[in-house]
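Down below is the structure, laid out as structure tokens.
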Amino acid sequence: MQEIKDMVCPFCGCLCDDVTLEVENGKILSTDNCCTIGNAKFMGKNRLKNPIKKVDGAWVDITYDEAVNTAVDLLLDADRPLLYGWSGTHGEAQCVGIHMNEILGGVIDSTTSVCHGPSILAIQEVGHPGCTLGQVKNRADLIVYWGCNPIEAHPRHMSRYTTYADGYFLDNAFRNRKVIVVDVRETETAKVADEFIRIKQGGDYAVLSALRAIIRGKGDMIPETVAGVTKTQLMQVADMCKTCSFGALFFGVGLTMAKGKYKNVRNAIELVDELNRHTKFTLTPMRGHWNVYGANEVFSWMTGYPYAVDFCRGVAFYNPGETTAIDILARKECDACMIIGSDPAAHFPRQCVEHLRDTPVIVIDPFQSMTTSFADIQIPVAVTGIDAEGTAYRMDGIPIKVKKAIDSDYPSDTEILTRIYDRMLEVKGL
Amino acid sequence: MKFLFNTGRTIRQGKYIESKLGQGYAEETSLCHIHPLDLLDLGVDEGENVLVKSEVGEVVLEARADEGLPMGMVFVSYGIHCNSIISACTHGTGMPDFKIHEVDICFTSEQRKTPAEILEQLGGVTYAGN
Amino acid sequence: MMKVILEVKERHKPTLPIEAECITPKNFLDPERVFHVWKGNKELDITEVFHVRKDGNAKSADQVEIIIRGDSSNIKRVGEYMDGGRILIEGSIGMHCGNFMSAGTIEIKGDADSWLGREMHGGTILCHGNVEDYAGSGYRGEKKGMTGGRIEIMGNAGDFAAETMAGGEMIIHGNAGDMPGIDIKDGSLTIMGDCSRPCGNMSGGKCWIFGTAYDMLPTFRNEGQTSVDSVPVTRFSGDYISRGLGMVYTANHKYME
Amino acid sequence: MKTLLIKNAYVIDPIQKISGETMDIAVRDGKIVDDVKNPDQVIDATGMLTLPGGIDSHTHICGTKVNFGRYMSPEDMRAGRTSRKGDMHATSGYSVPTTYGNSYRYSRMGYTTLLEGAMAPMEARHTHEEFRYTPLQDCLANTLFDGNWFALEAIRDGDIKRLAGIIAWYLSAAKGFGVKLTNPGGTEAWGFGDDVTCINEPIPHFGITPRDIIVNMIEANEMLNLPHSVHLHCNNLGKPGNYMCTLDTYNAIPDLNDKRQSLYSTHVQFHSYGGSSWNDFCSKAEDIARSVNDKPQITIDTGQVMFGKTTTMTADGPMEFNLYRLYHNKWSNHDVELETGSGIIPVHYRKKNLVNAIMWSIGLELGLLVDSPWQCILATDNPNGAPFVKYPEVMALLMSKNYRDAEFETLHKSTGKRVILPSLDRELTWDEIVTMTRSAQARALGLIEYGKGHLSEGAEADIALYPINVDTTDPARDYERIINGFSTTEYTIKRGEVVCRNGTCTMESNHSTYWVNPHVPPAYDMGTDAAFIDGFNKYYSMRITNYPVGEEYIGRNVCMESEASL
């Protein structure tokens, strides 16, 4: 048995890099330092053994060669292919995906569009006052969690970076640090907050506006309650924010998925801008998938846009709402799909799944997923962080090498995509 | 009764995410969290099933009392069940209204479907395994 | 005068959108011009998508009228950069109709999809049906939506109508969705029906709402009653999270308390 | 064995003191050689100005901050979009183009080596990932130390050898090239929203001053025998009256190296401001240039501003926030724990804006008032002063008073009262412009011995052939020809292969990453220092074992080894 220390967990945007694994005979026996979700990911079983293809409504086993050729044929045959997913794979594979899309003339989008896509739209309007997570750990005496529930979605966030993490300027973090939680329901995270602000559903924008007005000295105009929050509480929270030495606002899909979408996030950013005239304040989106931020980084340096990039006309075009996966599927605007590192059949509205059913679909995934049911072929690959390695970007933009713990015969995402890409170049005579 | 429908991540849903056709995932993603007083108004006991209808579809879920919710709001974890009733409209932003849908909820004696059953109903072909 | 009739043909994979920014009056002045449209990654001759009939002659764009017939509801970018003349769409039209237009008229008998008249700075768009989201808005990351011209919508508008509007005029005869006039800087927006959360972060411009403004934002100051065209309205200044130099007039309003 | 012969080239190579000679250049296996027999390829360079490949010694092209500039600016991407064609990948963007966009545009201007000006070591992996997709230039990265806690503590404790050990560990862990200080001490103070205003103001919590950081870092840098000197972005960037701070800084700089400067002072235009507010803002380029002329230990780059839209980005977080309060456009900030900060805002420099017109003038004044071109490098701090595609215009402005006067006429009418530019008659010569765009960079970066910036036998065959006939071109009058000629080469040759021909790039990739690996005695090896390792694991949010960038991130790499004198 071998103990491997400081491994990186490939589940959520925290990318905890202090995981210990016990490994024997090419199998992971146990994990240490992981949260429940991370542990489940490392201990995952039931990998697909070989590529499969749907023939006359039934699944048959095929070889990798046949799978690659079929994938290339389906994609090259399309007038508007959609390459979706990417957050569950490493950066090197995402780069191959972009190159592939350049010659395919398709649309490439990541799960960003259904998590923090709206945050990016807001950042594109007003920017992003942020910092790395260690900066928060070492300095922040006020933490705000807005529309997020780290105890369930990012289970080690509070112990590694915020509430319970001691830092250079805070040697007893738990006592010296205040935590405010803003949500429409009393989540597990809300239960441990010093201050819980319960907002009516759809009321985030109004509450953020009210806070901005108070910070700007216009508190007199604020009515007694705003979206379920009393003026007294708003004044108190505004005061906590203005008088802290370092405030860190973390926000989740509670803002991005609610009514108003990115305009909520824009208002939060402008609140933080305003607070920086009084003290130090930063803002960080709680990114979900372990490498969703990496997909945004790779897409940005390769195409100029962080997600939802349409290459149909050869040059890159970007317009979320039009070039995003949900909209394209719901409007039936693609005629082939390649899905990698995500499971849209589980996470997309039914109307989108119906178009997946009616369109040729290639799935690249180690496990049988819900999207498998609608695929024409599926190609199993190694899991990054277990039997493959590559680069990922943490929710705060820190690039981390995700290492592998064991060897397997599965190709990595990069290897299989490179084979598909090379074959495409060959078929197109490039 | 009218409710606002909210969805999100739960730790159990996250734990079972790599085996979505298993029992754990099926259980977790088909629970409908409701405030206990709303359950009283609905005349539904915890553990009984409710039928949730939106503009675009309907789904059977199991009621679970949750005092953390405000009255008038229900919460369901991400998964294929909640997506049966979520509209694909993104208001030009790329993002559906996962956090806010108006729904109608009533008691039902119908059984919950498993994810595999929903997939098959949609025309999917489950891979039997190897 | 020149009349160009473009009748949409039936096509394979009809749900795939067509991009046809070549359809502007000026382009038809050049008799030698070859017209291409795009279906996904395939560049097609315009005749593969439309029956094209051209009658008469014209010396300037103003003398050209284009009529689009048939199902054009997913044909995008018609009238982009249009600088004169007239386009009549007998049915519905796809996204980005009239982007960047500076002069001329577009009339849509049916509905219009999102981004109608995005970043337009002159001319007139009249839509008899409903429009989707972002009518007269800006582009991602840009500071300004429409800066001039006029958009009139006889039906309802979707969300984010007149987003970042910086000039010109928009009239919505039906209801507007959520957040009309958000981040508006200048120009005028009239909504005859209802809407929710109008004019957040407004830094200038004017907005009239003759129905009910739901979820009125708390950072507008109620400046008292007045009347517009003999309709009693409440006058608000705001938005005070921004410069507070805008004006909103509402016949009725409700807060989210 | 691939060989190339360039015949009848009109060569200017200041390092070799060649000032316009017609000669043949032979290349074998990517290096310049004495002669080749039966070359595989022959280029007739008759009438072409032939120079060593261009070197940009201060540009922002790769890494976290640059990429955030892209991420937040879809409006910038509306320009410069091209599709995949031949060996060229798709590109987008104007002031913050995609990596391919940067690489192709630099290549068509004859640039073959680029120094990324500011890399936070914690985010080094990102910079190297982008280097991989900047395929036609050799890349190097300045590594940020301005707010490094371990370095600040060593300086506070007066332990300069430990400081050198810390620098050595970070440089080799980050696969970095040089020591960069951005607003030293200011970025740490910005961690709590503060800044420092002069080099003698103590930094909160650490009790040392920016002067302590600068002087100690220079000494430690020289102890490590690194190719490049300390590379400094002075305190107080962009503030009226900051020239005093700049002069104070220069007066504190020791002369410790006889091969090159001891301090590289970057984007000095932004640090040469007089006045007490924006109302009486004026140029102090004369004072700064006089100081530089007196001090061979200092080399500067100009940080020229050119008019139009661009994006500003720097590790200087507090400065960007001030700029945001001035412009009210969008603002991004990204503090990096234990190390540094950064900020980004888009700007639009306008001719009719008095402040902008003065800034433009100051950059040119510096270029004309510093006597030696070896001490004054041409750069725009891309994209802060302007996107690098404006370099040919800057060259033409420096070479032609006519052009300067014509441009000056179009500026805000009060500009003449605040600057002395119109009184400067100097027109830079061909040799001087060549020096300021490659030779001085090679010397300043310590790359001459690595075969860069010259065409001597054994040098890297990085060569730019411009369609400029020097004999028939008078730069003072034909400035349009200067601009066009330097904008697009006939041939750009990288490592002996044509990578760009008339603006079309013809190879997918041909580049290396240069990084330094200073060897220190075991007592100063932080990789085995328990206090360092413990402190690291306690305060960083990443384990020390996961921090160093592995060689798998840098394809073809050149490791520049040095022995420290500790």
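Going in written order, the chains are labelled A, B, C and D, and every chain counts its residues from 1.
By our rule, a residue touches a chain if its C-beta (ideal position, glycine included) is under 8 Å from a C-beta of that chain, and two chains touch if they have at least 3 such contacts.
All of these numbers come straight from a predicted model, not from anything done at the bench.
Asker: What chain lies closest to the overall centre, CA atoms only?
Answerer: Of all chains shown, the one whose C-alpha centre lies nearest the global C-alpha mean is A.
Asker: Could you give the separation in Å between the centres of chain C and chain D, each centre being the mean of its C-alpha atoms?
Answerer: For chain C versus chain D, the centre distance works out to 46 Å.
Asker: How many angstrom lie between the centres of chain A and chain D, each centre taken as the mean Cα position?
Answerer: 34
Asker: With centres defined as the mean C-alpha position, give me the chain A-chain C separation in Å.
Answerer: Whole-Å distance between the two chain centres: 33.
Asker: Going through chain D residue by residue, note those that touch at least 2 other chains and give them in order.
Answerer: In chain D, residues 72-76 touch at least two other chains, as defined above.
Asker: Would you give the residues of chain C that are in contact with at least 2 other chains, written as numbers and ranges?
Answerer: Answer for chain C, listing residues that touch two or more other chains: 114-115, 133-134, 139-141, 178.
Asker: Check each residue of chain A and list the ones that touch at least two other chains.
Answerer: In chain A, 121, 124-125, 200, 202, 259, 311, 313, 318, 320-322 touch at least two other chains.
Asker: Chain contact graph: line, ring, star, complete or other?
Answerer: Contact map by chain: other.
Asker: Okay, in this complex, where on chain C does chain A touch?
Answerer: 13, 15-17, 19, 38-42, 74, 95, 114-115, 133-134, 139-141, 178-179, 182-183, 197, 200-201, 215, 217-219, 221, 239-241, 255-257
Asker: Could you please specify the touching residues of chain D with respect to chain C in the complex?
Answerer: By the definition above, chain D touches chain C via 72-76, 78, 329.
Asker: Would you mind writing out the residues of chain B in touch with chain A in their complex?
Answerer: Residues 4, 6, 8-11, 14-21, 56-57, 66-70, 73, 75, 78-80, 83-100, 115, 119-120, 122-130.
Asker: Residue numbers of chain A touching chain D in their complex, please.
Answerer: These residues of chain A touch chain D: 5-6, 8, 17-18, 91, 95, 99, 102-103, 120, 123-135, 137-139, 160-161, 167-169, 245-246, 273, 276-277, 279-280, 282, 296-297, 300-306, 311, 313-316, 318, 391, 393, 397-401.
Asker: Where on chain B is chain C touching in the complex?
Answerer: Residues 91-92 of chain B touch chain C in their complex.
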